[in-house]
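To keep things simple, chains are lettered A, B, C and D as they appear, and every chain counts its residues starting from 1.
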Amino acid sequence: MSAAPAAAVAPREHYLNIDYGIRSWLLTTDHKRIAILYMISITVMFFIGGIFATLIRLELMTPAGDLVTSDTYNKLFTMHGIVMVFFFLIPSVPAVIGNFVLPMMVGARDMAFPKINLLSWYMYVIGAVITLYCIIIGGVDTGWTFYTPFSTTYSNTYVFGSIVGILFAGFSSIFTGLNFIATIHKLRAPGLTWRRMQLFLWSHYATAVIMILGTPVVAISLILVAVERVWHVGIFNPALGGDPVLFQHLFWFYSHPAVYIMVLPAMGVVSELVTTFSRKRVFGYEFIAAASIAIAVFGFLVWGHHMFVAGISVYSALLFSIMSYLVAIPSAIKVFNWTATLYKGAISYRTPMLYAFGFIGLFTIGGLTGLFLAALGVDIHVTDTYFVVAHFHYIMVGGTVMAYLGAIHYWWPKMFGRMYPEGWAKISAATIFVGFNVTFFPQFLLGYVGMPRRYHAYAPEFQVLNVMSTAGASILAVGYLLPLIYLIWSLRYGEIAPANPWGSTGLEWQTTSPPPTHNFEETPVVSEEAYAYDKHPEMEFVA
Amino acid sequence: MLETPYRDLDQQRETATLGMFVFLLTELMMFGGLFCSYLVYRTLYFPAFQEGSRHMDLTIGAVNTAVLICSSLTMAFGVQAAQKGLNRTTVSFLLVTMLFGITFLVLKGVEYHAHWQAHEVPGAGFLAHAAGVDPNKLQLFFSLYFLMTGLHALHMLIGLGLVTWITIEAYKGRYTEAYHNPVENVGLYWHFVDIVWIYLFPLLYLISRTHL
Amino acid sequence: MAEHIVPSKTYFAIWATLMAMTLITTLVAFVDLGRFNTVVALAIATFKASLVVLFFMGAKYQSKLTRVTIICGIFFLGLLLAFSIVDYLTRLLPA
Amino acid sequence: MWTDFPLWPLRASNFADKVDPLYIFLVVLTVFFTVGIFLTITVFAIKYRRSVHPNPEPIEGSLPVELTWSIIPLGIAMFIFVWSASVYYSYGAPPKDSLRVYGTAKQWMWKFQHPDGQREINELHVPVGRDVSVTLISQDVIHSFFVPAFRVKMDVLPNRYRTVWFRPTRTGSYHLFCAEYCGTSHSGMIGYVTVMEPGDYEAWLASGGEGSLASSGEKLFRHFGCISCHRADKGARGPDLAGLYGREIHFQDGTTTPADENYIRDRILGPRQPGRLVAGWQQIMPVFRGQVNEEEMLELIAYIKSLQQNPLNVNPNAPVPDEEQRKRNPMIEPQVVRP
């Protein structure tokens, strides 16, 4: 270590140190700062949702509902669902990772509408504050699905407030999607044709399409619930000739595609991780890109598979079932292509890659168990049981959260210019993988044996599996706390990161770490397709 | 007026237009949820919907349709003037547009008031009835009527707010041949709200005027 | 790239057509056409809406991207309506 | 030990034999693909790890490979779809001669009524080996009738009757759960379905009951004054209901509908739309919404159905409702009742 005089080297100016003070953050229009704001807010919401999950698992350790009352339990799972779905999973990858890297990946100086981007974050925060306020003053107990007529007529909790909170979150999601579409269409760097775009962009484009087209429908259906609840003017009340099943149609028109809002961006992340850490072109670029779009479109045609026993007609059930099988194919294609990308690569086991492996494996299980639920005959037995709970946690936690954590580790050096501690990160990745499977695998078994979901007390024969699940949840909790600690630690004590520690060909890495406010010193020009590692042997691992 | 992310004004304008159209898609889908509910209940309870439609004030409905079409015309001229950079002309056309918009809302208010007096507002005070029609299903029609036209009226109010804003900006002379995105985008929004009404009118007022 | 400025004559022509169509649709409602009343009313509404989109909103002069966007919206709205109503129409059929 | 810690639900109905093989097939398929993917990833990750295979080979993809792994999964998916649809189909309409049980669900209990009069709460007794169909309606929110051992689940809606059927194949007592979240005591809305030998079932049937459903319905039929119009004689102002159930009803506008439970319930609760009156009759029947609860409705329907078997069940000499009854019921002066 040579003792270079500190004053001689002026610190390089980048987006983090260009300005200080709370105003410079709260009034920023820099997509990177907004991404950091989002990261902080969704982390808070994630741990709040996590506390609810912990309480749920603790309650379910014994068959008798003896830890909390049944009303409290109902509020716990409702608020766990609302917080995790609307305030963590939907904004997770898009609003944090997408916001941060998407403009850099297209070679732009910022999002197309920077002010709307900031507005999106404020919408999110207002929604989150309203929802948290409702939780504090008494909570809501309708389940995150708000099924009528329970939500409109029978529940005595803060349904209206929660709906208002979710509406704000919905607008935040619409604004994010709007920005993604406009940015990808209009702000691509010279030479960056559609076929040269990184797959992360393709998947975020598909996500944005769903956000734009789906979110308004759930907004109006929740508004209808709120109106019916407050003014008793409504269209779902069966006593007035309304059909409660219509609400389910409108709700799932968004809420099934919402699953793809959660998992498509995660798929985009995995495409980046797999190529970077096997230093190889992706296998079947066009197929993965097309699969993203196919999932977005077909995803809108399968909502009825949530309603096979709810009273829809046999013909419509058949239609939705066959559509659900069709949407499974593009997901399968993606999994096969990622696996094939590893073939004859040069694979290194850095933490983000471990998360990508975890994602592929767990998403495979989650996707295949989806086939059980799309199968009309089997769905009758397993729907509304723990089988469903296990299935969607494999997709959302095993899929989305794994990919989100992988993305955080992967782009951490770019975001903050510091490396995370590799050893700790690997330990926590392994802990999360193990804890996750111990938590949720037993729930598949519970579901087929017949334990219904949303049960506060249950038959004693279900106890063994529930205790296993709770034990797994405690491992999982440790796994989630570790990154929180070491990532914060690394902000100050982490190794200084080079501009491109992974030797990635991604456009977002071709600038300094952390990037300057306008991302690139000069507008990049793209002259080759994505993931051309064979043309760039000079791009080596530095970290 | 060139914002950070853009290379030039053309790129900025094209992006703004795209953004507005994409935003209008979300509006379309939002109304779509209501149109879907309407379609379902109309299919299930067609006679009640026929009866409900006969409770509508056709004159006001038709006049309002004409008023909105006129407002779209003046809005189109306002945008045209802005494209030429004629701020004064823009202001005049926008003012006329607002006048039409307010006329629409006033007439709508008159209609709502008449429904209120006839006890046709859903809720505990709903008393509308007709021979052989389940009052509950009639009430369902009126619920949808108030929800759809109410959401539309809300959009009209937002539209009026936006027009007020661009009128003030145009009055200050902010728009040029090169930069007038806000006028164009507010125009698009205004026309979209007009289109919604173009569908609401036949769906709510014209279901059947001929026979019982 | 300069944008297309639509001539005033076009606007007046569109306006006149829209007004005429409003009158026609109102009058047709009083003629008993059975279930074709609905068909005619919606056809006229769609014609009017198309005129507004194409000329007042300028979709005719906009880029291909804008037109794709509009078609995309109509397509997905159609999916929502179609897949929902399929359920209700087939509930009445024998299983 | 396995009774305390089951990994497989009991198999106690005809559907278990249909659902379980499909389920097992899906499990095998899932294990096959999951193990396949895990193994492939592991093998690749070890074989091509950077330390032994530092120079990646540029492979862009291969159309034949892509087509293979698109078409084969598609084929498998379609195979599952057809199989599962055929299983779903068997859940459809209940067999004609099935034993009929009626039930109402409400926060937070199940009430069942047997045609012969037994009423039970959170318990359902059925004979082994016979087709049983349960017609259900909810008095408040959406519930769901779920018997894991029977592989049977159906949402119970507040606005229409839905019927689920099964053929118990094993005697014993099985869990009945509410599977659609319905509020505070959702997890307490549970009970047992007891499957008995036919002999025991007959004995159980004979043991209790307060008169058959139809006879309770008949009392209601008189109580609400239905009898004063729906009679077989010439002066009747409404159609005779004997043989109504199951018949095609012809409306004035030429359409028809089968007179099932939902039709009868809708007819009692509210007036028909114009043109959809039964051909030959006036719209004079009052609206009974809010006056008949769901259990009474089931009794009324059971009575109307019983007229099927014995059209002479209506006693023409029965006393016509007295003045006080007329006052209590809006029957006599037809009018539209508003909520």
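In this section, contacts are C-beta pairs under 8 Å (C-beta built on N, C-alpha and C of every residue); 3 or more make two chains touch, one makes a residue touch a chain.
Computed from a predicted structure; not experimentally measured.
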From the centre of chain C, which chain's CA centre is farthest?
D
Core chain by centroid distance, with centroids computed from Cα atoms only:
A
State, to the nearest whole Å, the distance from the C-alpha centre of chain C to the C-alpha centre of chain D.
42
Between the Cα centroids of chain A and chain B the separation in whole angstrom comes to 36
Where chain B and chain D are represented by their mean Cα positions, the distance between them in whole Å:
44
Hunt down the residues of chain C that sit against at least two other chains at once, touch-wise.
65, 72-73, 76, 80, 84, 88, 95
Junction residues of chain B - those touching two or more other chains
14, 18, 22, 25, 28-29, 32-33, 36, 40, 44-45, 134, 136-137
Sequence positions of chain A contacting 2 or more other chains
185, 213, 217, 239-243, 245-246, 249-250, 253, 314
Residue ranges of chain D touching chain A (in the complex, touch as defined):
3-9, 18-19, 22-23, 26, 29-30, 33-34, 37-38, 40-41, 44-45, 48-50, 53-62, 65-66, 69-70, 73-74, 77-78, 80-81, 83-92, 107, 140-142, 144, 146, 148-149, 151-155, 157-160, 162, 175, 177-188, 190, 270, 289, 339
Counting only contacts in the complex, chain B reaches chain D at residues 45-48, 126-127, 129, 131-137, 212
Given the complex with chain A, which residues does chain C contribute to the contact?
65, 72-73, 76, 79-80, 83-84, 86-88, 90-91, 93, 95
Mind listing the chain C positions that touch chain B in their complex?
1, 3, 5-6, 8, 11-12, 14-15, 18-19, 22-23, 25-26, 29-32, 37-38, 41-42, 44-45, 48-49, 52-53, 55-57, 62-63, 65-66, 69-70, 72-74, 76-77, 80-81, 84-85, 88-89
Of all residues in chain A, which touch chain D in the complex?
65, 70-71, 74, 141, 143, 147, 149-150, 153-155, 238-245, 278-281, 283-287, 308-311, 314, 317-318, 321-322, 325-326, 328-329, 332-333, 335-337, 339-340, 342-349, 357, 360-361, 364-365, 368-369, 371-372, 374-381, 383-385, 445, 448-450, 452-461, 464-465, 533-534
